[in-house]
């Protein structure tokens, strides 16, 4: 019962958040809505017993990425003028009717495509008996340093590289 | 009742939303929000399949890596955005149409 | 293949590590780049000396202890195969030494320091590649790649007319390389495209002497035809008489250190090619064409000396003297006797040191005078009284000059005497005529010396300063080499003796 | 005496180490460097004296030391090649060593006086040490290659010392001339070495003697020339270059640009004599090659021709230079007429008296200082009456002049008279030898004349340059100025060379008394070399001395009584003639320059054309420099250099550029008309059409790309059959 409730709540949060991101006219709002959507996904992880994943999702996304986004939004605000020296608006609009029409069309195409792919799969899928939940943290830890240690290390290098790269790129330069 | 298809549906919705955002928006940061949505949909898919089909933790690991990559991507991407803004004083996507300026 | 040492790999790739290091250093840190290059070349030189100390002088042919062989392009049976024997070892040591000293002499290069030193170290790596490669394809690759740094070094850091000289050098050498490529491909097909089709060692011994080709309806000896191809390819590098005109241009335009390398090492690659490839692979054809080689060598000796005497640009004079001295090497090669061949290899080494000295000294002078005229085009003196003005410089110059003209007690004499001893019985007439070259060699050098160093100090020369500590530092090792190997040549001769003897005994059976 | 490395090596190595040390310290510690040089050569002299007196004590023709070591070895399999170096000491070498070290020591000491005020005082001694060691090494050499090495090294020292005053243009010209002229001879010498190597397979003297004995040289060289002739001629060309014989004599007078002590040591006593020494060493080869008459003619022409030129010289050093050439000519003449022993004796006696003459001339020149030009005076017309100012120099020089002029009881008479006697003997035997003999006697007359002319002009009469004379200080006895001269002049007495006292008492050969020098130096053809082998360096034992047999040294041995009598007779006639000639030369000279009864100007006007020719040194310099080099060699060089760069490189090599450009024009035309207009332009139009489309697609807008990706992917997926 609790599981179902959690699932529905999370699913609602996710979908509403995503829809908000799509339709919101304010970038700040969109960010906050994205945060909600990500919370919802964390909830969904919890419903399938992925406790570690849910925690990571919360910590990294909610705590890191979205905050970063907010920072970026603030940093690109600049002065009070809404347009730069070329006359282009600094923070462009969240889309026009034209773009929404194109987006809608594209989305339709993609939806059909994905549904076509999924239809085949769903036909052959049979739900079976699921095992009980157990804590995944220890097992994931073990896997990370045994079978998947290479991927783990590569991702650490990637993070390091991203860190250094971000610092270098964003650094203001003279001249 | 709650089965794999429920999760797939949610994942599908997220993906669609991400695509829509990527196409509809002219703001680079907003587009990056869309990218986050798409990445999350993929991660959710992995986790769901791991639970309902394979019944092991490989999918969880994949999701974990996706989160990591997303973090890296966000960091670098936003750095580029800030740099771009410093140069051009805009984050309009159509102004980033030239390789060198 | 035995468990082998990686020494050759280290020698070959250490300069390359140096290139990477130079590229990683920022452009503005010029002194760091210089010191890094210096340390790198010093390490390389030390490695060549280690190779010398581990070298077994009694073994004829390849020293298996050092061999390195691994597949490179397996579908064509091309191997990354390195080796060293008594013929290449003196050249390797010479390369190590000269590059080390040239870095010191390049200290004053101020234009695009980073690029210069990167290219210079790259050049060293490729030169080592040529001397170490035991796979024909690898040899060819290094031979060609070597042109790229040379082209840029002459074309960017050269004199007024540098583009012309660089392009001329490039095209000339390229022409030869193409003929060599044809020869290489022909050998590949003729040897049946097997595992050893590019293996220089396996191709040796007249395997192709009885092969004939149908060409334009006539039957042509495979060996003779492709010996000529390879001959031209190597002869351009030496340079042998009709292919020599790139040399004065390249020398005059190239910066000092590049001239040194060009004369000291690159010219030897041509004669090394004869000893390593043309002679062992086509022994019968070599014996057949020995007369022609001897006559060409004679022409080189005499013609180079005559042309040198007429020059008014001192660097051009030394460039022509190189033509003349390389003629002696060709004479020794044509002799195909133990004395002649040993003399030729020794002359390659000795000419490397003595000409390097000459070019370095001219470079030192050029840094002070910014011209090189012995006699200016308008007939006035370019230099005068340098003996009074630059005493230390003059003493070193005398050593270099007399080593170059073959004064006994200095290195040039022994090699020339050995060459003459080797060639006399076979080509008496040529010997008699070549001795005139010895006479002319003394004449043009002494005349040049007299015009530049004797007499009163002319006004322009009064501001020149004598050699500084750095310049002395890189002249001293060469002086020592020239004097020591002039008095006691056995350290070099012992190394080459067995390998050369093996080659000669193989040639003697044809 | 036991010979080891430490008894012989110091002779060469002491001066050599002095050179090496001095080369580094000469700038900083000049006096120390000079001291080291002098000390080393004197030390070397004592070692050499030990060797010499040992040989004198043993006093045997077959006493020798021959030790070798391998310099380098190139043998491989069946191809042998080994080069040995080593020492070979026989009686001749020992004598030579003693002479060279002795003369060199005295010259070193004199140089401390002569060069003291020179700004390159120390450097002079560096060169002297190198030179001395090279000369001694040459004397000790056991093979021709090592002779050649040190021969060239001496040439280098000679070059450096002639160019010692390098500020002067003339010194540069003289040094290059000296080096190049001797190099012509050297090249032939090297050729001779090659020829000998190809016959014998070794260049050791002993091996060569053995090979000659075995008849290996009997074969023919190209053009029907015997091998021995070819090899001997080539070696003798080395002598011609080094000993300044006709026609390569031009360099020696110019060599006087060097400091006077170097002229004394190098260009009078030792280096130029080394050429004759080489000829003597290779004497069997010359004999086997039937070259003796050629050599005799060269010697005769040089002896006479140089003497004639010396007649008209006014520079005191130039007179001595030409007299050196002339005396070297006598030595070569001695080689040519087969008086081996006398030629070598003349070498030794000449070294002593000519060194002394040069040093005396140096002493004179050094004390005559012109205060206007700040230069030393060498011109004899400005001298005169110096007898009272410098009595010791005068005494030494007078004794040496007696010696060189051939006055009896002086060394020059002893040696020269025997050469001339042998020449006369040969002439009586073979009419073709009359030429050298007459030239020799004529030269003797001229020698006596010009040497006394020099003495009279310098030391007698009234001073012709009063100011110069008054400024000259009176000479006192000083250890480094006139003591060396006096020591040398003592040895011009003939008794030192013609005496018969040795370490073994008076020499008795077959119960007759003989001169020691004549007995000690034996023509190698009279020695049996067949059993001789070189010993390794550590070997100390030596063949025991054997007593002299008459056959070895006596030229009249084995001839009939009548013939022997004839030879003695001829020698006596020769001696008489040369005494008459010497005194008449002195007399003519005295008449012209002492009593001034005869006017030399009259003779000059009588032979004015000859006089001009003599002043121009028979136009040899003009012929070589203006003719051969400036008109022949240099234009040829310029022509070749022009052909090389101006024609061959410009047209034959760079001409390819033109050819390429023509081909390029043709192919461009072909491209334009046919390929371009017809084939390509049609394609081009279509390309341009697609270009427009593609350009719009290639907009750089990311979202557009994104949509394209989506469309393509969906399209792909829809085509899949899942």
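Think of it as A, B, C and D in the order they're written, each chain with its own count starting at 1.
Definition applied: contacts are C-beta pairs under 8 Å (C-beta built on N, C-alpha and C of every residue); 3 or more make two chains touch, one makes a residue touch a chain.
The shown structure was predicted, so the numbers you read here are calculated from the model rather than taken from an experiment.
For chain pairs A-D and A-B, the one joined by more C-beta pairs in contact is A-B.
Computed centre separation for the pair chain A/chain D is 98 angstrom, with centres defined by C-alpha atoms. Averaging Cα coordinates per chain places chain B and chain C 62 Å apart.
Chain centres here are Cα means. That of chain A falls 5 Å from that of chain B. Multi-chain contact residues, meaning those touching two or more other chains, occur in chain B at positions 19, 23, 93.
Within chain D, contacts with two or more other chains are made by residues 707, 710. For chain A, residues that reach two or more other chains under the stated contact definition are 102, 106, 110. Taken together, the chains touch in the following pairs: A-B, A-D, B-D, C-D. Only residues 102, 106, 109-110, 113, 116-117, 120 of chain A touch chain D when the two sit together in their complex.
Taken in their complex, chain D has these residues touching chain C: 71-79, 81, 145, 148-153, 156, 159-160, 163, 166-169, 171-173, 175-176, 179-180, 183-184, 187, 190-191, 194-195, 197-198, 222, 633-634, 636-638, 640-642, 644-645, 648-649, 653.
Taken together, the chain A residues at the contact with chain B in this complex read 3-4, 7, 11, 14-15, 18-19, 21-22, 27, 30-31, 34, 37-38, 41, 44-45, 47-50, 52-53, 56-57, 60-61, 64-65, 68-69, 71-73, 75-76, 78, 84-86, 88-96, 99-100, 102-104, 106-107, 110-111, 114, 118, 122, 125, 127, 130-131, 136, 139-140, 143-144, 148, 151, 155, 158-159, 161-163, 165-167, 169-170, 172. Residues 699-703, 706-707, 710 of chain D touch chain B in their complex. Note for the complex: chain C touches chain D at residues 60, 168, 172, 245, 248, 303, 306-307, 309-311, 337-339, 342, 385, 387-388, 398, 402, 407-409, 413, 417-418, 420-421, 424-425, 428, 431-432, 435-436, 438-439, 442-443, 446-447, 449-450, 453-456, 489-490, 493-494, 497-498, 500-502, 504-505, 508.
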